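As structure tokens, here come the structures.
In what comes next, subunit A is part of two complexes: it sits with subunit B in the first one and with subunit C in the second one.
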Partner chain A sequence: MNPIWAHILTLVLVLLVMVTIAAGLIYVERRMLAVWQDRLGPNRVGPFGLLQVMADMIKIFFKEDWIPKFADKRVFVLAPMIVMISILMTFAVIPFTPLISVVNLNIGLLFFLAMSSLGAYSIVLAGWASNNKYSLLGAIRGSAQMLSYEVFMGLSLMGVVVMAGSFNLHDIVMAQNKVWYFIPQIVGFVVFFIAGIAETHRLPFDIPEAESELVAGYHSEYSGMKFGMFFVGEYLGITLISALIVTLYFGGWRGPHFLPPVIWFLIKMFVFILIFILMRASLPRPRYDQLMSYGWKILLPLSLLNLLITGACVLYFK
Partner chain B sequence: MSGTDDIVSALQNGFGAGFLKLQNTKDEFPTCWISGDCIIEVLSFLKNTVDRPFKMLHDLSAIDEQARNYRGGQPDSRFTIVYTLLSFERNSFIRLKVPLISEKPSVKTATNIWSSANWYEREVYDMFGVHFDGHPYLKRILMPESWKGHPLQKCHPARATEMGPFQLPEDKQEEEQALLQFKPEEWGLDQVSGDDELMFLNLGPQHPGTHGVLRLVLQLDGEHIVNVVPDIGFHHRGAEKMAERQSWHTYIPYTDRVEYLGGVMNNFPYVMAVEKLAGIEVPPRAQVIRIMMSELFRISSHLVWYGTFAQDLGMMTPVFLTFYDREKIFDIVSAVCGDRMHPNWFRIGGVTQDLPKGWDTMIRDFLDYFPKQLKLYDKMVMKNSLFKARTVGIGVYTTEEAIDWGITGPGLRATGFEWDFRKKQPYSGFENFEFDIPTGENGDCYDRAWVRVEEMRQSLRIIEQCLKNMPEGDYKSSHPVTTPPRKEKTMYDIETLINHFLNVTWGPVIPPNEAIFGVEATKGYNSYYLISDGSTTSYRTRIRTPSFPHLQFVPYISRGYTIPDLMAILGSVDYVLSDVDR
Partner chain C sequence: MNVIFYIASIIAILATIMVITGRNAIHSLLFLIVSLLAIGVVFFTLGAPFMAALEVIIYAGAIMVLFVFVIMMLNLGKAYEKMEESWFSYKAWLGPGILCIILLGELIYVFTVTKGSGRQLTVISPQEVGMTLFGPYILGVELAAMLLMTGIIGAYHIGRRKQKEYHRLLQKEEEPA
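Presenting the complex of A and B:
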């Protein structure tokens, strides 16, 4: 096949699969939460309620897409797009198998960090443009949280980069042929995981949208498909962070040969997605300042120390 | 009540002409009529000067005396202000009445003596039109600003049909809307503090964190709370006014709904107050049934609090689990009473029916099942470090502050003050039960939560004792006022037939007098103050609910914290809006 066509095919495939997974997660999350909370969850539409996603989607597509009169219209429309675009772009650099990846970028990891920084704009702009006090408070919290957690996230990843000697995600997976990095990089993994939750603002780090305090935070004023974009964006974010954890710390597509690499990748990814959901089912929400001091006082020194020790070890054993 | 005679004589000697009369009431509270000129001195004397002082303003309300038939030699009065004070050292109450005879009734404010007097006086102003001189913020509290008249005055119509059809022409609508315009200065709030411009955030009446129709106006500096002003009254249904047109018997279902999580716990003080007025002895079996059902409701109410409190702090799961357990309680309640949340189960003189067959197995199953769940919740919520980080040291107050603001129940016990009316002034046979009073130490959100969780365990103990020692006998008294009367002899004996007929059709006639009765309800001390004028309806029903002062306390304990802390504080105070507004 013509390589250009193959490329476009991969691109469309990755896009479709990821968006489908993210949408499907709405069902998975509702169902799993129900299991952990002694309830049934959605079980009416289709077998086991599987078609619930379809129903949700149809509903959200046909809902009135209302822009408040007091909102800044252009920014209001732009904000939900940013979150979708920045996350979907990042999927381009993820190597799902040795063969399936959209681009083999030699600065893949930096690209991810850059994109996730852009994602913060979506919250800030959404909150600002809504012209609503609850949204504004949510946006202030969100931007502070994402900006500071970006720092530890970047630093925690440096350990992996030092060990693999490359920013290329493909190379990082290849470098894990002896041992998956979550063993030598356990500290880095934990910090990245925590920062990842903060980045996707899921419970316990959902303070930008803490429903018992800020109603819906920065997306209070959004409805219809624009809300849907934030909603799916959140699930895309979970998928992305899970995919990255797998790539960086759990050997990517690697696994015993009885299953194809892509299946291994997906299995590992789903495990982390479920952990995300389980966290939501079990933890309370810390206060905003507690979250910040936890980040700056514990995670930052920890990730610096991790980088220092990793660097020293790498130098010593070379 | 012993130990208060000295007070009466001290008041008589100290205030001479200001002391108008000593009234005899069925509840045997010393009831002193005091002249309006010296009431403030009397109040501050009782709070500050007297030996073993009356530290808490338990209640402040009023009576419109203009339609009375039986005054029984009481001083002349159009509106009577009633102060009920509680002394913890004496373990007794005192009631002071101030007669107001002028066309524009007014009395001096007690807000300088008790902080909690603020809302109570606003309520009296709103409901009766009595003016309090020197009150810092005398505005309507339950009714809308545009309301005409004062609802609890006897001349105010009780039924909508007496008021003519409701109309909302455009000009009136605009007028009403203009009144709703938010102007910070009208709320007593400043726009700036120092160099900072402050933000006002309207929280509620529809907000996921306020647990009902409560509106809070927050004055914020960033996320820090400078001040909070609660706006209540959205849940006001005029429960006290309704009591004046329902018969003594038919009012019971309304009490169910005063604190809608408490179920029969609300019937309890009401029927006991009526029984006191009528002089009914309740048979022991009925007493124990009442205790058992009300303790079940205490657990059920605390379960709702437990789940929603965790949810306020961002925990998603406990609320589903606690509501599931609450359903188990409702299974028992509906097997016994036939309804779930508002069983309307107590009757004047007993309870509606005897316990059904198999009630003991249901209770036993629950007693076996529930302690395990409590342990699970302990692990999940109370021992969770994030939960602790959110609640320890938040919303702290001392015992003195709590008493000054009229706090009772778990909120008071969390400060380390061991005070439970079930122990201190046992009613309905509580003196025969063994249970402990859990207390906290710091008076913060965590301690309040801890006290409630322990209370559930103590309630289980009480229920277990009910199960083991349920007396045999009647579930209803044979007193003629018992409503509906016992049926066995009705068809054989004309006296009982007449009695039955009258009590059910007209309703029972209660001899003229007055009595108050309170119980340790789920949220705190809930009392009903009933005045009978010798007819089939109550002349005045005053419902003193715990949530009212508790909510009034919220601004005081939330200043300086942030919005998430406010949610923790609101959750830990555990008010119910129907209990606040009545």
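Presenting the complex of A and C:
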């Protein structure tokens, strides 16, 4: 097959699979939450309630897509696009298998950090354009949270970069042929995981959209498909962070040979997605100042220390 | 890569013009972000992927968010847009505009007359950037680090919580009557 067509095929395939997984997670999350909270969950639509996603999607498509009269229309429409685009772009650098990956970029990890920092705009702009005090408060909280957690996220990843000697995600997976990085980089892994939850603003760090205080935070004014984009964007974020954890710390597509690499990747990814959902089911929301001081006073020194020790060890044993 | 370079640079120039002529502060900032992203692409096509990534992470991703943050807090309304419109009169921009066009003409003339030495594209890897920064340019890195440290200490000093002062009514209450 023509290499260009193969490339485009990979691209479309990755896009479709990821968006489908993200949409499916809406059902998975509701069912799993129900299991952990000893309820039944959605089980009426189709076998095991599997068609619930379809029903939700149809409902959301047919809702009135209302833009408030007092909103800044152009920015209001732009904001939900940014979240989808910035997250979907990042999937381009993730190596799902040695062969299935959209681009083999030598600055892959930096590309992820760049895209995740652009993702902060969607919250800020959505909150500002809505012209509503709850939205604005959510946006302020959200942007402060994302800006500060990006710092430790970047720093915690640097330990992996130092060990692998490359920003390229393919090289990082290749470098884990002896030992998966979550063993030597356990501190970096924990910090990255916590920062990842904060970046996707999931519970327990869903303070930007804390529904008991701020209506729905930055997306209070959104309805119809624009709300749907924020909603699916959140699940895409979970999928992305899980895929990155697998790539960086758990050997990517590596695994025993009885299963193909892509299956290994998906299995590991789903384990982390389920942990994300379990966190939501079990942990309470911290206060805002607790979140900030926890980040700056504990995670930042920890990730700096981790980087220092990793660098020293790599130099010593080289 | 050449075509991508030209497209990105045209986008950068157009977006920058929109930044200057825009009346709404947030819309101008959005164009500035677009311009920074386009410059990132320019860096990438010129063989500096590390610079491109840093441009997006630091300028477009971190600094501009703070700008948006501040403007969001100022909450400028329609009145401000009117004011901006009155400032942006012909008298204000015609003179500097003509001078700039003359300069641009000269620049284009110089570029067309002098033949370039031929672009030799070498892709610079992140490792090389690091080696250079912490090799010959270590002094600059140290100075920048000191400057940032002073900035942090200064910001901490300004933002530090003041010593608790009681309200005058409360003070009176505490005193024995």
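A few points about this structure:
One rule holds for everything that comes next: the second predicted complex is superposed on the first by the 318 of 318 C-alpha atoms of A that agree within 3 Å, B and C clash if a C-alpha of one lies under 4 Å from a C-alpha of the other, contacts with A are read in each partner's own complex, and residues count from 1 in each chain.
Keep in mind that, in the parts below, contacts are C-beta pairs under 8 Å (C-beta built on N, C-alpha and C of every residue); 3 or more make two chains touch, one makes a residue touch a chain.
As the structure is a prediction and not an experimental result, all values here were calculated from the model.
After superposition on subunit A, the partners subunit B and subunit C are seen to fit next to each other with no clash.
Looking at the shared chain after the overlay, A:104 reaches neither subunit B nor subunit C. Look at A:20: by the touch rule set out above, it reaches neither subunit B nor subunit C.
By the touch criterion stated above, A:33 is placed in contact with subunit B alone, subunit C being left untouched. Of the two partner chains, subunit B is the only one touched by A:137; subunit C is not. Look at A:293: by the touch rule set out above, it reaches neither subunit B nor subunit C.
Using the contact criterion defined above for the overlaid structures, shared-chain residue A:206 touches subunit B, although it does not reach subunit C. Of the two partner chains placed around the shared chain by superposition, subunit C is the only one that A:72 touches, whereas subunit B remains out of contact.
After the chain A superposition, the centres of subunit B and subunit C are separated by 100° when viewed from the C-alpha centre of subunit A, nearest 10.
Minimum Cα-Cα distance between subunit B and subunit C in the superposed model: 10 Å. Shared interface residues of subunit A (contacting subunit B in one complex, subunit C in the other): none.
Residue ranges on subunit A touching subunit B, taken from their complex, read 33, 36-39, 133-134, 137, 203-204, 206-207, 210-215, 280-290. On the side of subunit B, the complex with subunit A involves touching residues 199, 201, 207-209, 223, 310-317, 320-321, 324, 380-381, 384, 386-387, 389-390, 562-567.
Residues 24, 26-27, 30, 33, 49-50, 52-54, 56-57, 60-62, 65-66, 68-69, 72-73, 125-127 of subunit C are the ones that touch subunit A when the two sit in their complex. On the side of subunit A, the complex with subunit C involves touching residues 72, 74-75, 78, 105-107, 110-111, 113-114, 117-118, 120-121, 124-125, 127-128, 136, 139-140, 143, 147, 150, 154, 165, 167.
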